[in-house]
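Note that the chains take the letters A, B, C and D in the order they are written out, and that residue 1 is the start of every chain.
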Amino acid sequence: METQDASSLETRDMLLNVGPSHPAMHGIIRIITKLEGETIRDIDVHIGYLHRGFEKMSETVSYNGVIPYTDRLNYVSPLINNMGYCMAVEKLLGLTAPERCQYIRVIMSEISRVTDHLTCVGASAMELGAFTVFLYMIKAREYLWELVEAVTGARLTISYCRVGGVKADLPAGFEEKTRKAFVETRNVLKEVDKLLTANRIFVDRMKGTGKISQADAISYGITGPFLRATGVNFDVRKACPYAVYDRLKFEVPLGTVGDNLDRYYCRMEEMEISMRIVEQCLEKIPGGPVQVDPETGRPIPAAEMVDKGKMGRINEIAGKTAVTDPTLEGASDRVRSTIGVAEKRVFLPPKEDTYGNIEGLMNHFKLVMFGHGIRPPQGEVYQAVEGANGELGFYVVSDGSDRAYRVRVRPPCFPIMSALPKLLVGEMMADMVPTFGSVNMIGGELDR
Amino acid sequence: MFGTDNFLTSKLESAIGWARKYSIFQYPFVTACCGMEYMATACSHYDVDRFGAGFPRFSPRQADVLFVVGTISHKMAPVLKKIYDQMTEPKWVVAFGVCTCTGGFYDNYATVMGIDTIIPVDVYIPGCPPRPENVLDGLIKLQDRIQAQHDGKPLARPDPRERSFTV
Amino acid sequence: MNAPSLSELLKTKAPEAVLAAHAWRGDETVTVSPDRLVEVARILKEDPAFQMNFLMDLTAVDYLTFGKTAQGQGAHANTGIAVRQPMNISTEEPWPGRASAARFEMVYHFFSLPLQRRIRVKVPVEESKAEVESVAAMWATANWFEREVWDMFGIRFRGHPDLRRLLMYPEFEGHPLRKDYAVNKRQPLIGPVN
Amino acid sequence: MNEYLGIVITFLLAGLIGGAFIFLATVLGPKKPSAAKSETFECGEKPFSLPSGRFAVKFYLVGMLFILFDVELVFLFPWAVVYRKLGLLGFYEMLLFLGIVAAGFIYAWKKGALEWE
């Protein structure tokens, strides 16, 4: 008895709105899916729900004023955007940051890359039901954020880079803190690896779904872990090395099939490699991880004195001199030349000069006051860095005034999102969740 | 419910307030960078579950509090308004992050300058993004509001101020 | 790098298409006339000397107030008082300038994975005839990039599969990234126009 | 009679607690129906079309298979409770019953009813 083919029965396709406010859509993507039963026949992706006009706002503020906006592009690994933008403007100015500053930037952007992959793998695992993995990953991310906070002062929107250098030097004891944080992170990664990699449910959901071929990936301009999962060996840190990446030894993990599982492997591998890069940098950084002040009876900073007084421990502070440290911690004259370019028309003078003498004050005034600031020559420049999702490019056009004329961001997750129909059509509705999780779409970077 | 507020109803009312205060079902309307800080607050390190608000509900029918987390653009505003309307009473709104309170430093053509211009807001949590401690403090303020509302002296909900911007 | 500079190579391959070529700050740049864009793009994609298999970025720049902004001449502190200009950081080899006086310029950034080389192609676009040939057929990534440039600048693309707004909502009039569009000119769907 | 007392009490308690929740919710919860609120929730957008029309037959198939094996499970519970008293005979009877159901399962598996395409 020849069974009647299921599709000959007349079933109308259902239009379903996997809309902007949806847990798996990270809140800001609307996918209109044409469903036939469980299979997706066609999708129409609507983005722009988080378009905040980054490029328009960067034309209204000074060169250093754009940096807080760049933090909020890829807000999961903010420091890579800072570094990309600052290197683009430095290329426009024809300056290169000093040795130590490049090492600091590489250290911090690799730490940011680990936090990005932690969040991405954790969130996509949670969307597949593994809520424990999400809790472990966010716990590991907290350790790294404490590290980032110790260096930059903020957890997420750090604005640590400046055109020509970084805001301040690494804090005292940074190396021990990093080693401790990496031990914790590696424990968490080991646990998650045990939980997920051989987990039958996780592997079945991720294997074979969201596949893309090498030719399609290149034609769609996809870069980063998404492209490397298909086996194409392209990493901006290796192809066009910038900062000090040419002096570091690290390999680039490649996948074979280019499905969700390969991307998961690539990201887990890259986290380990990024941590090794940071450890290499800590050894190679000129002037040691940080110049620790000799602990010989340094006067008590004013803040500690006030705390002691409030707690009534008068005897500890009686007769001691309080010193108000004028320098932004880590930006004093001694380290200034190592963390910022020595061009006084670009980089702020050390605080001792600003408070100390009139030249420093005028120099500071000329750089920060409205209508003054950095005035690069007319011209246009494109600088690409390896973001967490792929090649993050900054195209800066300057018309000789103190404001950028045009700042264009090449968002790495934008081409991946444009390839979504290629990834999802023909697959099951349930496969949309792991695929979208491994696309690692970040709203701020996608819609700018 | 049972007529004038004698001893029984007022005690029952404040008991309901206590119950609602410590079992907040939140609808996380997450859009932007504050989402990262929301994750940090909801997870094990700062653990919003200690205050009874750990259970996110992604449907407005089952949610009590609408956590608006991250910048709301003009394209997103009708969606936010529709979800707020579809929420069942009693409902409260928490504006999480400065972009939801006043639009933050995105003062341009694309951003809604403060969600209190489109929906009434109960608690404003400033910060870009606010530290998890700020968020927990905002949550405690919300709980005080809920309790006060059931103790017969509801705090005035800040109505959206008429804000005129000089272009 | 002693490899022959791509921009000179392209000049020999399509002499009448290339208006100007330079390599300022190491970025090889070629300005191509609008009607020869697809031909040059095909050369870049298929010619073994270029093999540009990645279209990394596609965007536009509005040169309406280039060099004519208030800050360009005398900077004005927000108090309105003219202020002496900060020292200009001029460099030894200045930027060769623009090859045309058109208002818009399309900017394509290509990258060749086999040769690991980058090139930038600029195409001047008149404001009156703001239309360019679409390259979406050759690089699939151009589809969304071109939709974004249409949304933000109002430059149409002939031959584009479905040219709709990408970032802004359909009811939005005007193109926000143009220099004559005010920063905070709002067109809200709901809520007051503050 | 009294061995059934336990079951009666559990049903009573279950009904009581369930009823209390529903009663309290209807009484205490404020009722403010509005047009926007009664619209179907589709992630904040206007829904295109309610799922009318005929569904693919695959859903029906999966539904039937689920009921089949779920009902079979219901028979196992009382058997497990009195398993000690039934002795070996009861064990083989249940094995026979499970064998028949397993045969049905293998048939469905081989016919590809469990594959979704």
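Please note the rule applied: contacts are C-beta pairs under 8 Å (C-beta built on N, C-alpha and C of every residue); 3 or more make two chains touch, one makes a residue touch a chain.
Everything numeric in this text was worked out from a predicted model, so none of it was measured.
Colleague: Report which interface contains more C-beta contacts, comparing A-D against A-B.
Modeller: Most C-beta pairs in contact, of the two: A-B.
Colleague: Measuring from the mean C-alpha position of chain A to the mean C-alpha position of chain D, what distance in angstrom results?
Modeller: About 47 Å, centre to centre.
Colleague: How many angstrom lie between the centres of chain A and chain B, each centre taken as the mean Cα position?
Modeller: The separation of the two C-alpha centroids amounts to 29 Å.
Colleague: Would you mind pulling out the distance in Å between where the CA atoms of chain C average out and where those of chain D do?
Modeller: Once rounded, the distance between the two centres reads 61 Å.
Colleague: For chain B versus chain C, what separation do you get between their C-alpha means, in angstrom?
Modeller: 43
Colleague: Which chain B residues reach two or more other chains?
Modeller: 75, 78-80, 83, 108-110
Colleague: Which chain A residues touch at least two other chains?
Modeller: 19-22, 48, 51, 53, 56-57
Colleague: For chain D, what residues touch not just one other chain but two or more?
Modeller: Within chain D, residues 43-45 contact more than one other chain.
Colleague: Going by the touch rule set out above, what shape does the chain contact graph take here: line, ring, star, complete or other?
Modeller: other
Colleague: Which part of chain A faces chain B closely enough to touch in the complex?
Modeller: Listed in rising order, the residues are 19-23, 26-28, 48-53, 56-57, 68-69, 71-72, 75-76, 119, 123, 134-135, 138-139, 141-142, 145, 155-157, 443-444.
Colleague: So in the complex, the part of chain B that touches chain D is made up of which residues?
Modeller: 1, 16, 59-61, 78-80, 82-83, 85-90
Colleague: Help me check something: in the complex, which residues belonging to chain A touch chain C?
Modeller: So the residues of chain A in touch with chain C come to 47-48, 51, 53, 55-57, 60, 91-94, 216, 218-223, 232, 234, 239-240, 343, 345-346, 366-367, 369-382, 384, 391, 393, 395, 397, 399-403, 405-406, 408, 410, 414-415, 417-419, 447-448.
Colleague: If we count contacts the way the header does, which residues on chain B are in touch with chain C in the complex?
Modeller: Against chain C, chain B makes touches at 74-75, 77-78, 81, 107-110, 112-113, 117-118, 163-165, 167.
Colleague: Show which residues of chain C lie in contact with chain B when the two form their complex.
Modeller: Within the complex, chain C contacts chain B at residues 168-169, 176, 181-192, 194.
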